[in-house]
Amino acid sequence: MNLRNKRLSDEEFFKLREEVLASWPTGKDVDLQEAVDYLKKVPEEKNFAKKLRKAKEEGITLAQPRAGVALIDKHIELLNHLSKEGGADLLPSTIDSYTRQNRYEECEVGIEESIKAGRSLLNGFPAVNHGVKGCREVFESVDKPLQARHGTPDSRLLAEIIHAGGWTSNEGGGISYNIPYAKSVSIEKSLYDWQYCDRLVGFYEENGIEINREPFGPLTGTLVPPSTSNAVAIIEALLAAEQGVKSITVGYGQCGNLIQDVAAVRALEEQTEEYLKKYGYNDCVVTTVFHQWMGGFPADESKAFGVISYGAATAALAGATKVIVKTPHEAIGIPTKEANAAGIKATKMTLNMLEGQRMAMSKELELEISIIKAETNCMLDKLFELGKGDLAIGTVKGIEMGVIDIPFGPSKYNYGKMLPARDNQGAVRYLMTGNIPFTKDLIDFNRERLEERAKFENREVGFQMTVDDIFAVGKGKLIGRPEGK
Amino acid sequence: MEKKKVVLGVIGSDCHAVGNKILDYSLTDAGFEVINIGVLSPQEDFINAAIETNADAILVSSLYGHGEIDCRGMREKCEEAGLKDILLYVGGNIVVGKQDWNEVKQRFLDMGFDRVYPPGTPVEEGIRDLKEDLNITE
Amino acid sequence: MNLRNKRLSDEEFFKLREEVLASWPTGKDVDLQEAVDYLKKVPEEKNFAKKLRKAKEEGITLAQPRAGVALIDKHIELLNHLSKEGGADLLPSTIDSYTRQNRYEECEVGIEESIKAGRSLLNGFPAVNHGVKGCREVFESVDKPLQARHGTPDSRLLAEIIHAGGWTSNEGGGISYNIPYAKSVSIEKSLYDWQYCDRLVGFYEENGIEINREPFGPLTGTLVPPSTSNAVAIIEALLAAEQGVKSITVGYGQCGNLIQDVAAVRALEEQTEEYLKKYGYNDCVVTTVFHQWMGGFPADESKAFGVISYGAATAALAGATKVIVKTPHEAIGIPTKEANAAGIKATKMTLNMLEGQRMAMSKELELEISIIKAETNCMLDKLFELGKGDLAIGTVKGIEMGVIDIPFGPSKYNYGKMLPARDNQGAVRYLMTGNIPFTKDLIDFNRERLEERAKFENREVGFQMTVDDIFAVGKGKLIGRPEGK
Amino acid sequence: MEKKKVVLGVIGSDCHAVGNKILDYSLTDAGFEVINIGVLSPQEDFINAAIETNADAILVSSLYGHGEIDCRGMREKCEEAGLKDILLYVGGNIVVGKQDWNEVKQRFLDMGFDRVYPPGTPVEEGIRDLKEDLNITE
């Protein structure tokens, strides 16, 4: 492995490919040329990249759920319910957690036990085990574009199987599907493996098949400051573009302060486009995805509807191309198909009421956008510097040094010294910056905002705020204030 | 008085780290010595850590839904490893989906867990029970 | 009856009072002096006016449901459920429709049949029939301030009974509880009867009891342009202030375009305060109430949650002092207590997430505010002119002439030539102004906005837009566009 | 062909006017002669209007929940007034609350209504049924 931000050569790619396909029996059924032919016949409205581009042009926000169960027939039933009853615009297949760790033997156990128990014992669809045939069966039984959503550091075999299966989008990236999802996979390894996934998409693009790629925006879903997730999204977009990816959806997870959230999406879209242009990737279509609140949810279903709808409203006002939908069961467990459809319906109703409405520009919004962009630039500039111009190398070094530092990331490769907390309006700020190379102005700005809250709450700025904020939404508030405040 | 030792971790292929960090912080704060093996931990890692440190209890978290598969046989493995009657707690979102809690609880009690916690259990509750079960008086 | 905008003399008031109390047997139990003593003992947190003032100072938005059933014990059970399980901040007692028409005999039938059937056959709480004693029983069994919410052109006896019963707020007004609720009650008569209700509150104020009054903002709840409802609210505020009312909550029903809705609430609060000052009422406390969407609802409960939460978010961003909550049963029938609590919980969750957040000022918001204020001024100026300075007289004449014209008002005293429709962003505009005395600039502005929509939809501006807009929200959209648009 | 006449109104102490205005507009548009007595109309007003105009059908709306009380005995009053077998429809939100629709429908059929419509019925459905029941062919 010799990681650089450079398009994998055909030689390297096809050599790796042999290993990849040999790693589990279903790998041998992937035939790239046959897959290209298959994908050429996919109608326009079932192609993920095309549907996203159209939505962007029309200025509308599409709704997409998360969903996946162990068995093919149940999975088809589920997806059709979400499409027809729920009104989903885009369909997912959430992949189970064993597959994410490449533990396909355990998937077999999960599949068998699910058949026996008559209910899914897996938390997602084990696409590798079901193989190209199974994936196509699903794809041919639904009426919308399909995407794999997972959290897999090494998703090379998965990518081969789902794309050959007709699924025209894959979520993930070398950072975003490592640090929140793994403990001991090096960044070098996961970036390299995701170059493979991106290169595969690049290969399809060169053969006339549009396939969408989506870095996972929310990361740990827990108080991630916008500039941190935006920086990661932009890195992954640049790395993907280098491998030939053309349709890129950058993502962001709702923090809860409306102006900050809108600013984050706007900054994300603009900066992604700027960086892509700057580094010579001129023919990418950049779209955005907004994730409804990704942290701990309230257990009460009515309250959950409030969180869901507020997220939908924010997505619309931000002008995101799509929104990922939560469900009223979020706090408890994987939703039933009914609960999942309910989340989509509340979302779509809200989107429909806000169709065509955008948050107007204001002094406050302008300020937030400029702060987020400045913070993001600090991180990205440093990575390029560390990599002497090579972003892949810079990223490995930078994450090791804490230039990018993801709160609550379980990976041992994460620096883990940054701490976030909400300010007095609920915007997520940097409480401790660890090694993030911010300018003094930016550090002061973050600090001042937190001091304002501390004063209001009559306590010190500190880790207790972070802890309180983690539980706040679950308890029915945005900001974790002391009792009686 | 010597601190009681608890092994803490998230079982199986589960990467949910936030609750684990909070539990670590709160248990330490409450006077326990915490051996935190973190996320993505197989049964063996819990048991080895408990043996190495001569722990008083093992606190298993499972959030992602595979708890039922991942926790099976854990009590037996403890016994085999010589951890006789070690306290075994499990909590989080331990099964797939919204199921009847009493049934779920019974399933895990039958597996040999001493205490089983539903989603969203406040840390304080676990700590209170630990103190009771380990006869800690403040 | 000699209607003028002049405080009723004690002589006139107490003479009328005799008649009023004699109109139904429970009237004789109202003893004003005893009521003052009773109300003096009401704790601060159960006084409506005080709780609203505090919320305004703290900048928070309170949530209040609608609810009422026929029998006292069931009504108490209902209110306690909404307070404890739902988390309502303020409690209502919605009055049944027979009481609203002063048909107390039919209430008796409804009460009896409800006892027999074991379910409420009345659509509200018949407070007059239950009398002071019944109202106090309710009040003493709950832990929050109570308000009567109804739709009664002549609510004099009702007002006497509820205030003596400890309820410290009364909704309504001579226009807002006539035109949407009656067919053949003259404006002269209803204004006169509401002067009585206001004077009663003034009497209490003079005796040291704070009581809140709330003109009914949404009127027919169906595409009412902001300036029309704002004008009515300001008139009723001025008329109430003249009778000695000090705590006034002006209201507005959500139209659905976020900027227009926020602008409407801001304009309403500012202009009400301006007009009160201008006419010498310097010690009134003005608060605002925002009504979640008052028109036809979607029957699907998840979609209803979307509408409810979006309304809650708008209320918070507008900075309204309270929000009136809808329920997931809205399209079908009076909600169960569980459904009602569910609506409150979704609302409060949304409010909590937005606590302290306000929509920032922008060019667009500024424009909307200025348009609404200009339109409102056109109507109010004309009324003062018509009344030669007397607003009560001017209002009677003005409504007859269509200076104020409420869409879909069933009253024969309503002019009925104005037609509203949504523009291309969903803001409600004047399609036909009838006799409303707008300047040419304002008429052109409204027209241009509608033409923009017509162009987009490739059809003419016209009544079909209005019809389509009436059904739109029920069908899951804000704007009633032709198929495929 | 002569236009069929329908009496339209909202019964009892009910002030909901929007649906009534829409029904008036749509029925007229569909070729009926509409005698609209508006909101807040007692049974007597419907019956008198039907007698005066020799109407073919009476369309009762009730939105506010008291429909059950307000509609009772209407068929009998029609008969007494000599309106034999006049078509009697009712629609809107005709009872208090979300109740089982089949039961509700039966209650109103038992009262002698020919057709009973649930909340949110599209106008087109009423018009289609009217044409069928009055043998109108386009």
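Each chain gets a letter, A, B, C and D, in the order it is written, and its residues are counted from 1.
Everything that follows uses one rule, which is that a contact is a pair of C-beta atoms (placed from the backbone, for glycine too) under 8 Å apart; a residue touches a chain by one contact, two chains touch by 3 or more.
Source: prediction; values computed, not measured.
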| item | value |
| --- | --- |
| Starting at subunit B, fewest touch steps before arriving at subunit D | 3 |
| Centroid comparison with subunit C (C-alpha atoms), farthest chain | B |
| Mean-CA-position distance for subunit B and subunit A (Å) | 30 |
| Approximate Å spacing (C-alpha centroids) for the pair subunit B, subunit C | 55 |
| Set of subunit C residues in contact with two or more other chains | none |
| Subunit B residues counted as touching two or more neighbouring chains | none |
| Chain contact graph, described as a line, ring, star, complete graph or other shape | line |
| Those chain pairs that satisfy the touch definition | A-B, A-C, C-D |
| Subunit B residues touching subunit A - in the complex, by the definition given at the top | 12-15, 17-18, 20-22, 25, 38-40, 64-66, 68-69, 93, 95-99, 119-120 |
| Complex contact set, residues of subunit A against subunit C | 256-259, 298, 300-310, 312-313, 317, 341-343, 345-350, 352-357, 360-365, 424-426, 473, 476-479 |
| Subunit D partner contacts - residues on subunit C that touch it in the complex | 96-98, 100-101, 103, 106, 109-110, 113, 119-123, 151, 180-184, 220, 222, 295-296, 299, 329, 331-336, 339, 408-410, 467, 470, 474 |
